[in-house]
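What follows is chain A paired twice: with chain B in the first complex and chain C in the second.
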Partner chain A sequence: MTLLLQGLALGVLTGGLYALLASGLSLYFGVMRVVMVAHPAFLFLAAYLTYTAHTAFGVDPFLALPVTVPLFFALGVAVQRLLVARLAPDNLAMMSVLLTFGLALTIEGLLGTFYTGSYRSVSMDYATRSLTVGGVHLPYDKIIAFSVAALTLAVLFAVLVKSRFGRALRATIQHREAARLVGIPTERVAGYGFGVGLATAAVGGAVLALITPFFPASHWVWIGKLMAVIVVGGLGSVVGAALAAVLLGVVEGVVLVTVDATWATMMFYVFLFLTLLVRPQGFFGGRLAHRF
Partner chain B sequence: MTRLHKGLAIISLCALGLTACAKTDEPGVAQSPGQQQGAVRIGISLPLTGDFSEPGKGIQEGYQVWADRVNAKGGLLGRKVELIFRDDASDPNRVSSDYESLITQDKVDLVFGPFSSRLVIPAAKVAESYDMLFVEPAGAAAEVFEQGFTRLFYAAPAIADDHYNYLADYLVKLPADQRPKTAAYASLDDPFAQGTAYGLRDKLAAAGIKTVVDEVYPPETTDFAPIAAKIAAAKPDVVVGGTQFEDAVGLVRALQELKVQPKLAAFSTGPTLPEFPDAVKDAAEHIVSPVGWSAVADFPGNQEMVARYREMFGSEPHEDAANGYTVGQIVEAAVNAVQCVDPSPTCQDKLTDHLRQGTFQTVVGPLSFDEKGRPEQAHMIQQYVGGKVEIVLPEQAGTTGLVYPKQAW
Partner chain C sequence: MSDPVSDPMSGPIAAEQVLALEGVVAGYGRAAPVLRGLSVTVRAGEVVCLVGPNGAGKSTALKVASGLLAPRSGRVMLAGRDVTGLTPQRLLALGLAHVLQGHSVFREMTVAENVRLGGYTVRDQARLDARIEVVKELFPVVAERWGSMAGLLSGGQQKQVEFARALMLEPSVVLLDEPSMGLDPRNTQVVFDQIDLMRRAGVAVLLVEQNARRALEMADVGCVLDLGRVHISGPARELAADPRLGRLYLGGQPAT
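What follows is the complex of A and B.
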């Protein structure tokens, strides 16, 4: 029973991390119908930058965020304006897979050149301790990851719902032509939307650096998982992706402690198939997402 | 009628293919006496990019150090050694075509093996089909030796299943009141990593040490906390990880977080990398691992290799380089013994026969092989003691005693 509770608790915390890592992906798809295969590569680029800040200045991984977040926002705008915006709109989804696949390879190659292929890690003392509540251990690094995810998603959600930019972005997501008709500069908004997506990668990368060692090719294992999260959640829906992430995190954790790790990993793809069979627009996407 | 035509076409194509093969094959044999005067050309494909690029480069350095030493001493049978490297990008298809072209186009005199069981098997198939001797530095998985290869030899002390033999002996021989009673195993779904963990599991289980957890996780596993939770619930005396690097670090961190305190923690591969203590800090203390080579060991030629490596690459040598160097040492000994080095089946046969019966002095210790090319020795066991890597088993090679039970992490 304790083991089941432990699996459940770990699942919720890990789900929070998945939500953070996948939020950017769902934004790109919503804004531009771009399938961003390079998102995990950018996550690890951020992890490497965090590592550099940590080793060179001895700062906590999260203190690098004031630098990396704006940097990644600018990078995102640049990628959208200089590369993605030039793709032919009629087969954007397909071409964007190729383009971003190339980006992922480029980032991996550059990381390999600058940091070599050996493993890097950021290990903080607090990252190996845990809080014990009623026999269930809650690791601090996972609590931190969950809190950072919750905070980032709350900010993202507030921006999308409350701000003028958020309304323009949502209008662009919902109907680009109509948005243009009411005077929204959709090109610029799309660029900023992409920037916001990459800014979440900066935060996600800092968290990843804290919890796992990494090398330039580490990003490949994350693509499948994160894609499954956003499809189950409903493509383009940030809230849907967050809920799906927690759901899949819990399923993974519980299956792992009750069955085994191979089945736990397979659950992502089982849910992906179920979603495509039963509700292709995603379980939480609803009206907004079914256009995609 | 059309069917007949098609059949004929296929037959003639096949015949063409066969003659083509025969043609490329023959000159290789015919030309070899003519090449005697030039350098001894050794063909090698290695994963210099892709998944295995780090160990691939390590092996390459080992080969280069060996060639450098041989050439400094006048070469192989008086001929200079020239290494021809190909990059297979860690791709099993590329590795086959690399060896194919090294043997048929470049007409090399010898081939050396690539890195990792996954690439060794396709590479050895090609070498075997051209009757070439195939000594390899890194294909330790059991499958490698079950393919029916007759010219393959693994130039390291032990296959995966035997890596922990010294540790198993040590634990089994402990007095009953100190002996661990339960053990938990978690292993990556990979033939080599699993082989190491299961070799130890089977020996301990046979001695009555109960297996309480036996988990296998796929390579894409990123979260080790739930696996550690299962281990925590079983409270084992011994934790064994059939691991590579990321998962070794992930498991150690997760076991700490879930407050698992075993008396002994053993992890394959991960802890032998210099990055390991940086990643887990003080938790590295008293972790044991099997290790095939040690820079401080006194085996013939080891100190010479260490010195030459430092001189050539300006850094400390590592196990991959030592394994590459070992391949060179073994082939060199065979060539000197049978006095021939060319790609003709007669010469390759002589070399193969010599390898099968002899014992070879190498930087990883004396090596001999069974009829399937498996080495017949065992790995040493290393342990972090006082923050330093020490060899603890076997006792005669050890730099210090094994610390058991380990301190809390």
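What follows is the complex of A and C.
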């Protein structure tokens, strides 16, 4: 019973992190209908930058965010304007996979050149202990990861729902021509949408640096998991992806403590296939969640 | 139609041309052009109705007029000024509104958000609030379903939200692409009444309708479009009675 609770608690915490890591993917798909394979590569680029800030300048992973978040936003705008927006609309989905696959390999190559292939990690004293509640151990790093993810997602939602930019972005996602007709500069807004997506990667990368060791090819493990999250959640739905992330996090956590790690990872693909078989539009997209 | 301003044949004091497409050639991507030298003129306080078979290029013509699609050649004139190639945003500021064919509400937003987005480019909150009251009165559904998710409304109700959104900035030129599609007779009447009201207010209306007889009855000028060109045009009532309309478009039934 404690074991199950343990799995459940860890699952919720990790699920929250998955929600943050996948939110960018939902945004890219929403604004441009592209599958951004390079998102996890950018996550680890951010993790390495966090590592450098920490080892070279002694900066706390989260104190580097005021630099990395704007930097990644600008990178995202550049990727959209200079690359994605130039793809022909007829074969956008396919070409975007190739393009972002190339981006991912490029980033991985650069990371290998500058940081070598060995494992790196950032360990902070405050993240190594754990909290014990009724026999359930909650490691501080996971609690921090969850809290940062929840906070970032809350800010993201507030921006999407309340701000003028958020309304323009949602309108652009939901009906591009109608958005242009009410005077929204949809191309620019799509670029900013991409920027916001990549800005979430800057935060996600800082969190990853804190909770897990990484090497240049680490991103490949994540693309599958995160794709599963956004497909189960309903492509392009930010809220759907967040719900699916927590669901899959919990399933993974419970299977991890009751069966084993292989099956835990497998659950992502089991749910992916189930979704495609039963409800290809995703379980939380459409009416339940507001598709942003 | 006794209103002199609305009569296209009112001679020397004919109202100014508000919107004109002049020899427009336009198409999508690298494909052959859809519009091949289309010319249409709309005057203030006038309803011009485009009819024609599916694929004739009616919607494409409206997209060129509202800046959604840049023409390959030819000109778009708005209030005497060459606006060819301007963005929809600029044209909106110049008083043009376009209600798209089919459904174009922002489905995952409330009716309120949809209507407010009609005023996206205007920061003057007081002016927008005043307009909201006006469109709520014009389209009661908008007031009744103010807080509902727009995608959950029926097709006809969504259409009314789209009109409300398009009228937020009091446009002087309105492009309507099959506005009665999917509406019940009562709401069709509401839409046609609305068009009539706009005409009386001096708005220039370019209307695309499949319900040709009905639309030509209320329009001032009719144009039959086929293969990207105007084949016949003239006073709408005469056109409705023109046997060529039947041959070209209505499948050969005798005109009534």
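FYI, the second predicted complex is superposed on the first by the 286 of 292 C-alpha atoms of A that agree within 3 Å, B and C clash if a C-alpha of one lies under 4 Å from a C-alpha of the other, contacts with A are read in each partner's own complex, and residues count from 1 in each chain.
Quick note on the criterion: contacts are C-beta pairs under 8 Å (C-beta built on N, C-alpha and C of every residue); 3 or more make two chains touch, one makes a residue touch a chain.
Quick caveat, the model's predicted, so the values are computed rather than measured.
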- prompt: Which holds for A:G117: it touches chain B only (first), chain C only (second), both, or neither?
  reply: first
- prompt: Which one hits more chain A residues, chain B or chain C?
  reply: B
Task: Scan A:L248 for contacts with chain B and chain C and give back first, second, both or neither.
output: neither
Query: Looking at the overlay, does A:A171 come into contact with chain B only (first), chain C only (second), both, or neither?
result: second
- prompt: After lining up the shared chain so the two structures overlap, which partner does A:D260 touch, if you call chain B first and chain C second: first, second, both or neither?
  reply: first
Query: In their complex, what parts of chain B are in touch with chain A?
result: 50-51, 53-54, 189, 215-223, 225-227, 229-230, 232-233, 245-246, 249-250, 253-254, 256-259, 273, 275, 278-281, 283
Statement: Within the complex, chain C is touched by chain A residues 90, 164, 167-168, 170-171, 174-175, 177-185, 287, 290-292
Contacting residues of chain C [partner chain A, same complex]: 29, 66-68, 87-89, 92-93, 97-98, 100, 104-109, 113, 117-118, 120-121, 149, 151-152, 162, 165-166
Query: Given the complex with chain B, which residues does chain A contribute to the contact?
result: 2-3, 6-7, 10-11, 14, 112, 116-121, 123, 125, 127-130, 132, 137, 139-142, 211-215, 217-218, 221-222, 224-225, 252-253, 256-257, 260-262, 264-265
